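First subunit A sits with subunit B, and in the next complex the same chain sits with subunit C.
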Partner chain A sequence: MTTYQYTDVVPEARRPWDHSRSTALRAVALVVLAGIFGSVINQLTGLSGFLGWYVGLAFAVPVIAFIGSARHGWNMASDRIATSLMSIAFATVAIPWMSIFWTVLKNGSKAFHSSYLTSDMRVTSFSDDLHLGGLKHAIIGSLLIVLMAAVIAVPLGVLAAVYIVEVKGRFARLVRFLTQAMSGVPSIVAGLFVYSTVIILFGTFSAVAGSLALAILMLPTVARTSEEVLKIVPEDLRSASYALGASQARTTFRVVLPTVASGLVTASVLGVARVVGETAPLLLTVSYFVGTSASITEPIASLPVYVFTGLTLGDANSATRSWGGSLVLLVMVLVLFLLARFASSRLTRKR
Partner chain B sequence: MDNNINNDLGTPEVIVPSVTADAGVVEDRTQRNAGNLEVSRRGGLEAVGVHAWFNKHHALADVSLHFPENTVTGLIGPSGCGKSTFLRLLNRMHEFIPKAAMAGEVLFEGEDIYAPGVNPIEIRRRIGMVFQKANPFPAMNIGENVIAGLKLARVKVDDKDALIEECLTRAGLWNEVKDRLKAPGGSLSGGQQQRLCIARALALKPDVLLLDEPCSALDPGSTLRVEETIVQLSETMTIVMVTHNMQQAARVSDYCAFFLSDGGPGRLVEADLTTNIFSNPSDKRTADYVQGRFG
Partner chain C sequence: MQTLDTPPDQREIKAYYTKVDKVFRGFVSASALFSLVVLVLIAAFLLYRGFEIFSDFGLGFITNSKWEMLDPNDAATATFGIAAMLVGSVLTATIAIIIAVPFAMASALFIEYYSPRRLRTALTALLDLVAAIPSVVYGIWGYVVLLPLVEDWSATLNKYLDWIPLFAVRTPIFGRSPFLAGLLLAIMILPIVTSVAREVYSQAPRDLVDATYALGGTKWGGIKTVVLPFGKSGLVGGAMLGLGRALGETVAVYLTLNLVFEVNFKILASAGGNVASLIATKFGEASAYELKGLMAAGLVLFLVTLVVNFLATIIVNRSRKIV
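So, the complex of A and B:
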């Protein structure tokens, strides 16, 4: 028996599992070859334009991947084909998405000027010169309406999920069925419902009525997402809490909900994202106002209705303003999403 | 055997505390007394003719067993013989399983914990439980985990830090975590998490502590520490532990109860002083099991 002799020489740290440069080169070569193939197909067949080229490329990629890897055997080849099909599927989905974002960015940026975000349309009409007016009023209105809708719908949605998953009450199946059915309600029906009740009752369009309509649309999204989130809480934790002599209410509010706090934030964000661009219910309940206002009992502006108004007017300047509104709406969703991510990561880090 | 016993789950069987069940159970208190261990009839915990069902499945039949105060009782037997089910019946955790049913009585300080009007929350506070898999609360740090039971029960604590230190010390964890009480409970190793769960149960100062295979996922070092903790705790509380480790049962417990299922519901085969169970069991099946001939 000898004692193991240590050496003081520390070898260089390596990452042998990383993709080598040849892997990257192969992927580039694959796309270039497929691109050439797509052009050839464009020439030979009736396909034309970008779409035709893309169809050719989409067909060529798995074929080339197969040819390139066939010599390694069927295992490797099927792996490469599957990978290439996934990549094509991703690109097919990503291209329209990027196209939308690019179009909105390109057209919307034309509407921007130095005071676009800080002025409203009180003294400006949509067809006026683009360096006049802005959409401060619409941003404030949208934030106000969506915030109020969230204040109504998020607690209700989370509580509905708690009822279904934690309480497992007598009507849990019914509640789940109703939330599922509610998620299919067309937005204009929600608007019409609030119009025929709240608006007729009070005799005036108002921001708070719009919030109610949006809350109706938001509720099922928040409830169903929260339900899924609560379901992933391990039964162990509930058992542990009950074994410590905690009541169901304490278990739910002190153990289960804090454990999935970040998931519930995500559920709320999904709910907000679901309704922030809704136009039809707001047309029926809030109407539109050209000036800046934060009064919740009167008609106020909102981004979707701002966009809609610009489009219905039809002239070039009005349409450009609509693109500008769309861009602000997109950025607003993005900012809200990032804020929520930040908040939930803070919640998680506190642990 | 008696699979048709539960025609009507709504009305429990008439319970005759079994002195000699058909499986040959000896509920032998005289022998315990002969062992010169103080047995308090009123104190401690006692199961009387306990049955358990999951839906229509009869999982546990006619178990009568007394746990004297300040002793450690080991529940042994092969998997699926109803040990854990029995344990969960002792502090009313059984009822969280949908469609579960039971019959019989569990007497805690002479009162049936299943009697109408008994608050199960109070029972669980006084009869603590530690699970097979460590389950610290992920949304709380180590210190918060220890006093979680008190917080959940809305009990005011005068000196939280002293209580945390006391419980962690009794669970044998204090020296390892005293510098990082603010770290999340999940950052500890498996063995440390299990001791954290024991500390969490101790903070409520329970009269009885139920342990369901507390060491099954632990390394030998942590197991040893948990066993030392159990022996120490038994000076002030009654402990019931399920274990698959015969050496552990022999090392730690004062009494042992051997459970077995012959395809039907699990039954108590024999309960006695641990020394008797291991050296001179009265049932051949017990001898076979503890000597490792089956199970």
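So, the complex of A and C:
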């Protein structure tokens, strides 16, 4: 009979799927080798520039990964090839994103001058010198339209979520299905719909018509996000409220909604971010105005239409103004996202 | 001490809503059905405004590809048909899906299973941010940056592969082709497809994946045998959501595709269009009768995307239910 000696040294669990220093080293070596191969391709064939180099690298990476691991058998080799292919795929996908951010920043900053954000185009035309005019009117118009859209869409979206999560009505599944399907309504169809009703009825393009179209596009985002948010409210809170004799209405408005207020802010902000750059519906419902205006029953300027107009004119200065507008739009979207993350981080901390 | 032979009957509990709650529930239900009302209203109004076109042209509105109105004041001179635009919509959206889905799949797997844990939240946030880049920004980027590149690539493709009918062109002009528009749409829908796929993949049963490791399998083995089969329907649903977006995209296609009223399957040729960009192009100077034609085209687009989205929603929901 053998006795087992127990030691207090517990062998550390090995986690072969985690990243270790050797895998990191191997990855670096792989990319360096492939990069050298890409440069060779660059010199020898017609593939030129950064993209040509990248194509060489992208094809070399799985091949080198295979060569490096073939001696360990097919299982290991296929794993390495799969890893390299997925990393390359993600890097490839990220190239256009980085390119978009970079070109918008580079070309957009050319349009900026000291009074770019504080002057409008009332006395300036798109092709005029770049130190004239600006996009104050477009920023104000966009904010106004989007704000009105939010005023319409946020309550409706939150109420739809309340219906699904709190009221749990007979049509809860239908409502969820329809809001999801509504998120696929093409933006131009929303614009066409508002045109065929509101604009034909009143006979004039107007900012408020634009916000109606945007509200249609915004509602699904707000409803879906609010639904997710309401679901995290603990059931105990509701039970406690009912046990104190509160009605369902009171429970919803005084307990459930305040608990997730910051989450609902996130939902609204995401909805706004979704529609702030919509162009097609605004072309059909708001049109464009060169001066600063806050009149909601008339055509006013908006950032997307400003960008679009500059682009269709065709000359260099107009295009630069478009890039400037794009930069402002992107910054707006970015700020909205930071706001949304800030609000939702407050929510999780409170929990 | 008194004992009972049988336990006493349980008191019947009657739950009922107070008057306040009845009002509250009625109010919430009414506003929740707003989305249904909107969807029905859209279909109804576009049908109402475009009905004259459907009765004038009948099925020819779908099967003809000519769109012209010689005299804006005379409805008899008009010929409206959206066949070319429908083909263009489907062609560009198909190109977008074919390019986007493999990349979306691989990126989703990369973010969920290969990227370092600390990077994962950042990458997911980046995905959401990129999904919210306005389409007009994609459009201007596609027009200025992507167009010259794609012109080069198209010329090369055409040089070596013109024996394939798909890559043949009548005249060697390659700008603003369905290929360019499709590629741009692929880049645009990639974030949404990736984020749906990532969500589905992240719900794959972790214990089964771990079990494949325990059996000595590799990471790719676990993904191949557990994650991919699990996420199949979710991926299909995500792809169809992307398809819906691609079919209805206006501004980006308007900027990157030449509007030509002729059915064109040659993806490198500089001709095409889609229904949404037709509406955007013709809307500005349309006469009353042409406007009705655009309403009818909008209705067709609405119905097509609605069907695609219904299917997508059903498929995604079914994949969630398995979880």
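In the analysis below, the second predicted complex is superposed on the first by the 236 of 351 C-alpha atoms of A that agree within 3 Å, B and C clash if a C-alpha of one lies under 4 Å from a C-alpha of the other, contacts with A are read in each partner's own complex, and residues count from 1 in each chain.
To be clear about the criterion, a contact is a pair of C-beta atoms (placed from the backbone, for glycine too) under 8 Å apart; a residue touches a chain by one contact, two chains touch by 3 or more.
Because the structure is predicted, anything quoted here is derived from the model rather than measured.
**Q** Touch test for A:246: subunit B only (first), subunit C only (second), both, or neither?
**A** After superposition on chain A, A:246 lies in contact with subunit B alone.
**Q** Quick one: classify A:217 as touching subunit B (first), subunit C (second), both or neither.
**A** After superposition on chain A, A:217 lies in contact with neither partner.
**Q** Which partner does A:254 contact after superposing on A: first (subunit B), second (subunit C), both, neither?
**A** First partner only.
**Q** Does subunit B (first) or subunit C (second) touch A:236, or do both, or does neither?
**A** first
**Q** Using the touch criterion from the header, give the chain among subunit B and subunit C with more contacted residues in subunit A.
**A** Of subunit B and subunit C, more residues of subunit A lie in contact with C.
**Q** Output the subunit A positions appearing in both contact lists, the one against subunit B and the one against subunit C.
**A** Residues 247, 250 of subunit A touch both subunit B and subunit C.
**Q** Which subunit B residues qualify as touching subunit A in the complex?
**A** 91, 93, 96, 121-126, 128-129, 131, 133, 135-141, 148-149, 151-154, 184, 186, 197, 200-201, 204
**Q** So in the complex, the part of subunit A that touches subunit C is made up of which residues?
**A** It comes out as residues 16-17, 19, 51, 75-76, 78-79, 81-83, 85-87, 89-90, 92-93, 96-97, 99-100, 103-104, 107, 155-156, 159-160, 162-164, 166-167, 169, 171, 174-175, 177-190, 192-193, 196-197, 200, 216, 219-220, 223, 247-250, 252, 273-274, 276-280, 283-284, 304, 307-308, 311, 319, 322-323, 326, 329-330, 333-334, 336-337, 341.
**Q** Which residues of subunit A touch subunit B once you look at their complex with the stated criterion?
**A** Within the complex, subunit A contacts subunit B at residues 234, 236-247, 250-251, 254-255, 258-259, 261, 351.
**Q** Subunit A touches which residues of subunit C in the complex?
**A** Residue positions touching the partner: 17-18, 20-21, 23-25, 27-29, 31-36, 38-39, 41-42, 45-46, 48-49, 102-103, 106-107, 109-111, 114-116, 125-126, 128-130, 132-141, 143-146, 149, 187, 190, 194, 213, 217-221, 223, 241, 244-245, 247-251, 255, 276, 279-280, 283, 294-295, 298, 301-302, 305-306, 308-310, 312-313, 317.
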